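Single-structure report; data block below.
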Amino acid sequence: MTDGSDTRPASDIATRKIDHLDIVLRQDAEPGASATGLDRIVFEHVALPEISLADIDLSVPFLGRRLAAPLLISSMTGGPDRASRINRHLAEAAEHLKIALGVGSQRVAIEGRGGGGLDRRLRDLAPSVPLLANIGGAQFVLGYGEDEAMRAVEMIGADALIVHLNPLQEAVQTGGDTDWRGVLSAIASLCSRLRVPVVVKEVGAGISPGAARRLVEAGVAAIDVAGAGGTSWAGVEAERAGDARRAAIARQFAGWGIPTARAIAEVRVACPTVPLIGSGGIRTGLDVARAIRLGADIAGQAAATLEAAETSGEAVVAHFEDVIETLRIACFCTGSASVADLRRARLIDPPDFAL
Amino acid sequence: MTDGSDTRPASDIATRKIDHLDIVLRQDAEPGASATGLDRIVFEHVALPEISLADIDLSVPFLGRRLAAPLLISSMTGGPDRASRINRHLAEAAEHLKIALGVGSQRVAIEGRGGGGLDRRLRDLAPSVPLLANIGGAQFVLGYGEDEAMRAVEMIGADALIVHLNPLQEAVQTGGDTDWRGVLSAIASLCSRLRVPVVVKEVGAGISPGAARRLVEAGVAAIDVAGAGGTSWAGVEAERAGDARRAAIARQFAGWGIPTARAIAEVRVACPTVPLIGSGGIRTGLDVARAIRLGADIAGQAAATLEAAETSGEAVVAHFEDVIETLRIACFCTGSASVADLRRARLIDPPDFAL
Amino acid sequence: MTDGSDTRPASDIATRKIDHLDIVLRQDAEPGASATGLDRIVFEHVALPEISLADIDLSVPFLGRRLAAPLLISSMTGGPDRASRINRHLAEAAEHLKIALGVGSQRVAIEGRGGGGLDRRLRDLAPSVPLLANIGGAQFVLGYGEDEAMRAVEMIGADALIVHLNPLQEAVQTGGDTDWRGVLSAIASLCSRLRVPVVVKEVGAGISPGAARRLVEAGVAAIDVAGAGGTSWAGVEAERAGDARRAAIARQFAGWGIPTARAIAEVRVACPTVPLIGSGGIRTGLDVARAIRLGADIAGQAAATLEAAETSGEAVVAHFEDVIETLRIACFCTGSASVADLRRARLIDPPDFAL
Amino acid sequence: MTDGSDTRPASDIATRKIDHLDIVLRQDAEPGASATGLDRIVFEHVALPEISLADIDLSVPFLGRRLAAPLLISSMTGGPDRASRINRHLAEAAEHLKIALGVGSQRVAIEGRGGGGLDRRLRDLAPSVPLLANIGGAQFVLGYGEDEAMRAVEMIGADALIVHLNPLQEAVQTGGDTDWRGVLSAIASLCSRLRVPVVVKEVGAGISPGAARRLVEAGVAAIDVAGAGGTSWAGVEAERAGDARRAAIARQFAGWGIPTARAIAEVRVACPTVPLIGSGGIRTGLDVARAIRLGADIAGQAAATLEAAETSGEAVVAHFEDVIETLRIACFCTGSASVADLRRARLIDPPDFAL
C-alpha cells in the first residue's frame, strides 16, 4: 500500500510494512464479524435444485482471461523478504486455481528501493491468470505519470494496473499523503493513455456510488469496492502508531467506511455494467456468494488469505479450495448452475440496499 | 435419512446413523432458540374466552384419518438396534395419543441391508393412526422408482410415502448424492402412479414458496416445510466429519435455510389449500400453536422427541401430553374452541410474513 | 385471586395464597424490565415548562370520588393473617394519600371460610377513598350471582365491585376453573342489577381491545388492563407447582399476554371514553406517567407495593409519596399542569401503538 | 449552574459544586455511549476527496467573531478555588485555539458571595474569542432582571449572555427552583433590552423544537440544545443526594431528555436560520462532525473537557487539537473543504430525524 511521504528512508518503510502484516495476522484490526453487512444477506434455500453439484460452472471472464472461480487474491504489501515469499506462494496458488492475483503497492520497487519479489518471476509462476500491478492514487499528484505506471505493469508483466485510493489511511498516519486534488483527473488521463486496463480500488473504507460513477466516466476498466468490515487500516495504523495521541485519533476511524455489502449493491445500481470486484471482509465462500448476489462479478480477499500465504503455495490452494467448495454448495442450494444464476438467487428479508 | 452413495458398506451407514442420534441428543446441532422465527409469533390474550378448556377440540383430519391432536412425530433414522427400539416406543405412543407417525429413511431396509424395526410389527403397534414411509428424493434419480417406493410403503403398511429433500445435507457430507437433476419429475411421476399419497418434506432447511408451488403442481398430497432453526443437518455433519476441512465447510451452513415460521407462512400463501405440516425446531405446544396460526394444518417434531423416544413408549406419551396440554391452554387463552379457530387467532405485532 | 375448584379445603387455599405472596416478594415471577413496553414511551423534555412544580394538580375523579393522585392500589389476596395486616396497612395509606384501594379476592370470605381482614373495619380505616370489592369472573358461571356480589361489596362497604378475569392463571393451575362459557353475559347481568359500579380487570395478561369493547357493551363502569410485563401468574404458578410437568407447562406461559403499554393504548382507542386503569408492571412514577400518556385515567400497582404493605402503613405512604413525587416531576418536565395535560405530552419516537 | 434556593448559605453552594466536578470526573453520571444518538450518524466515505487535508477551512463566524474551529467550551461551574483554576486553563486554551468559551453560572459571583475566577482577568486571558456569561433562567422569575444580567456580562467582559434552562435539575434537587412561570417572557424582555446577544441553553436534557421556536420568537441570538446522552444532571444529583429516597427519585430521571442528535436535527428543522450549538455528550471530533452534519453551527463540550481543564491550559489545548484533527480527517474523508461542505456530506442509513 502507500508509503507516506517520499522523504522517509526506504528502511523505515520496510519496517512499517512488516508491522502491517503482523497486526493483520494478529487480527487486531478486524471489527465485529457482521460489520460488512454481508451477514444480512440470507439466501432462500432451494429444496429442489434440479442441478448437479459437480456440473456447477463457477468460471467467469475477467480482464480478458477466464477464471475458474470468481476470485481475486487482493493486493498485499509487506517488507521485502516476507513479501517476496508471500507473493511466490500466492502466484503458485493463483496459477493452480486459475484465479486472479493482485500484487501489493509497487512504489518502493518503482523507486528502485527494493523488490519484494515484484519481478518477472512472478508472472512466470502465474502465466495464465490475470496479474494486477498496484500503485497508490495519491502518487499521481505527487509526480507519478504514465511512465511510472508502465514501469509497475512491466516489472511483473501485469495484465492491468490497480490504482488504490486510501485517503483515510494516509490521513491517520504520520506523514501520509493528504493532498488529493487532481487524483481523479490523473486517473482519467492514465485510463486514456495506459496500454493496459486501469482498475481502481479502495483499501477497506469502500467506494461510494458517486465515486464509482466518476471513476467510470474517467474510463476505469473495473472497480473494487474494498468496503468496511474487514481489514481496517485506521485500526492497523492505530496499532502501529508510536504516538499515543495519533493512535487515539486513528482508532476513532476504525469503524469508518461504507460496509462492503452496501458498497457493492450501491455501486452496482449506480454503474450497472462496470466490472465489479466485491471485497473487504470476505471471510468464506458464503461471503463470496453474497458479494456476487449483491452485484459483484468476482470477490477479492486479502487478510483472510494471509496466514496461508505465509505458509506455502499448497496452503493457499487448500484455503481457496475450501472457499470454492463452499461457494459451490451455496450455488447448489440456491439452484444456481452458474455464477450468473447465483446473481438472481432469491433472498430472505433482504436489507433495503439489496432489494 | 439418506445414506449417501450406494457404494458405502451398510455397516458404515449404520455407524453414521448412531452418530446422528448422539449428536442430536447432545443438542450440539441446535442454533439459537429463536432461529425458527416462531418466537416472534405472539398471541393476543383473550381475557374472555367464552369456552371451556375441557371442550376444546384439537382433532384434525390427516391423510384420511382423524388425529386427536394436530401432531406428527417426524421421521428419524438411527442405527438398526437403536432405531428399532425408538420406532417401537414411537409407535406405541402415536397409537395411544392418536397422532401421526413418520418413520426414518427406509433405504437401508429396502436394499435389504438391515431392518431397524421397519416392518409390519410397527403397523401392528399403531393400527389406527397415519403411518408414513420415508425415502430420500435423490434416490429417484439414482434408480429408485415406483417399485422401491411401494416396497417402503408395504414394508410397514404405511398410509403414505414421505419423500425427503435434503440437498444441503448431501452436499456437506463426503460422498453425498449431489446430482439432483430430475428429482421433481420423478416425484411427479411417483405421485401419478403410487397407490398411496406422496408427502414431500425437507429435513431442516425449509421448503420455499416456489418449491412448494412446483410440488403441488407435481401432485403431492401434502408438504412438510421442516424449516431452519431446529435440527441443523449441516451442523450435525460438521460434528460427524472426521476431516477438519470438511467439518469447517459444513459448519458454515449450520444456519442455512428458511426459518420455520417464514417457511410455513409463505408456503401457505403460495399454496392456500395444500395440507401443510409445520416443522423444524418445534419445541413446545406453544410452538405448535404458532405453526398452526401461521398456516400449518399439523406440526411435526423430531429432535425434541428423541430423548423420550430412547426411553419408553410411556415417556413419549408423557412428552406429547405436555405438548398437547400447552397447545390446549394456548387455544383456551385465545378463545379458540378448535384448531380452525386457532388459525384465526389475533397476533400482537406480527412479522411481515405473518400478516 | 381465584381459588380454583370449590372442592379444595379452605386451609389449602390459605396455604396457596401465602406462597403467592412469598413468590411475588422474591420477584421470581417478574419478566425482564421492559416487558411491559412502557420503556419505549419516552417524553419530549420541555425546557420551558412555564408552570410551578408545587401547583401541579394531580387530582382526578374516580368512581364518583376525587383522588389526590391518579393511583389505585391493586387487588392482592394472601393467607388470612398476612392479608389482614396487609389490608390494614394499605387502607391506612390509601386514606392518608387519598388514592383508591382494591382488595383481593373475597371468595374465601364470601363462603364464610375466613376473613383476611375483609370487613367493615377496612372501610373505617379508609372512609373517604374509593374502596373496591373483588370476585373472580369464573365464579359467576359456577353459581355466584347478584347476591354473592352484593355480599362482597357490603362486607367492606365498597364503592364498586371488581370482577377479575384470569383464564390463564386458572388454566395453568391444577384444579383451576376452566369453564368460561357465559362469563360475559354474567357480567352484563351483574352490571344491570348491581347497585354499585362493576369494574373488570385482568390479573397480568391484559385486556384486548376486542374484550374491552364487549365489556363496555356489557355495561362495565371501568376497565383495568392489568397487562403483561409485571407479575406473571403463570410464572408464579410455575414456582408453586409441586408437579414438575405442571410447572414446566406453566413456565411456558410466563411471558404470555398483551404488554401493558400496548394494552392501555389499544383499549383507549377501542373505547375512547371508558374509565381506564393502566396496570401490570407499574414500577415507578415514571411508569404511571407513561400509562396515563397512553390513555389510562389512573394507574394501578400491586407487586411493587407488596414489600411496603407487609411493613406498615407509613411504609406504604412513603412508597407512594415517592411515586407521586416522580409523577409530579414528569409533569413538570413535560410542562403539564394537570393529569389532563400529561395525556397530551409529546413523545419521542413513539411505538406504533402509541401514535 | 443554578444554586437552588436563595436561602442556602454560600458555603453550602460551594461544597455542592465541588461534588459536581468530582462526580462528573468519575463519570458516574454518564449513560451508555450511544445515548446521544450520534453513533447512528454514519458518513459515506469519499474515496476521491479531491481536496487537501491541510487546506480544509474549519473556521466559522460566531457571535460576530471568527472561530478557528466550530467549537465552544461549554459552561461549567465549580467551587471557588477549583473553578478559578479551571477557568484560567480554559481561557488560555480558548485564546490559543481561537474557539469560544462559556463560563459557569455567575449567580454566586453576582450576589457577591465569591468569585470563582469570574472577573476581567478571564477576558484578559482570552481577548480575541467569544466569551459567554451565564445565568440560570429561573433566576429571572426570582427577582433577576436586566441589571443582574448586565453585571454578569460586565464582570467578565462577555460578548453574550447564556441563559441556562434546567428545570429537571432544579426539580430533582432538594430546594431547587421549581416555579418556572414567566421564564419565557423574562427571556423575551431580556433579549429586547440587553446590549449583548442572549443565548439560551439546556444543561443535558435538550431543547425541543417547540421550545426552540418560542425562544426564537422571544428574540434569542442562538440556541444550545445540550441534549441527553452526555452529562446527566439527574444522575449527578442522584449521586450527590444525602437522602436515599431523593436519590432514588433523581435516578429515575437519569435517562430523561431529548437525545442530542435528535434535538439538533429537530431544532434545525424548526428554526432553519437560528445559530445553533450542538452539545450534550460530544466526546470526539467525530461527534463534532456529526453534530454539524445534523444542523449545528458549532459544537459544545463540557464534561469531556474537564479532566484536561483541571490540569493545565496546555492539556486543554492538546485535548482540543486532537478533537480538531479528528474533525479535519472527517472533513477530508467526506470530501468537505469547509464546515459548510460538511453539513451537506452524505450519510449511510440515516435515522428518520436526520433525513
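Letters A, B, C and D name the chains as they come in the text, with residue numbers starting at 1 for each one.
The rule we apply is simple: contacts are C-beta pairs under 8 Å (C-beta built on N, C-alpha and C of every residue); 3 or more make two chains touch, one makes a residue touch a chain.
By chain, UniProt protein names: A, B, C, D = Isopentenyl-diphosphate delta-isomerase.
In this text the structure is predicted, and so the values were computed from the model without any measurement.
With contact taken as defined at the outset, there is no chain that touches subunit B as well as subunit C.
Note on connectivity: the fewest chain-to-chain touch steps from subunit A to subunit C number 2.
Simply put, subunit A must spin 90° to overlay its Cα atoms on subunit D, rounded in steps of 5. Between subunit A and subunit B, two chains of identical sequence, the interface residue sets overlap only in part, with shared numbers making up under half of the total. The centroid of the Cα atoms in subunit C and the matching centroid in subunit D are 44 Å apart. For this pair, subunit B with subunit D, the centres built from the Cα atoms lie 63 Å apart. Residue positions of subunit A in touch with at least two other chains are not found. Contacting chain pairs in the structure are A-B, A-D, B-C, C-D. Note for the complex: subunit D touches subunit C at residues 137, 165, 167-168, 171-172, 178-184, 202, 205-208, 210-211, 214-215, 228, 245, 248-249, 252-253, 256-259, 262, 352. Put simply, subunit A touches subunit B in their complex at residues 43-54, 284-286, 318, 322, 325-326, 329, 332-333, 346, 348-349.
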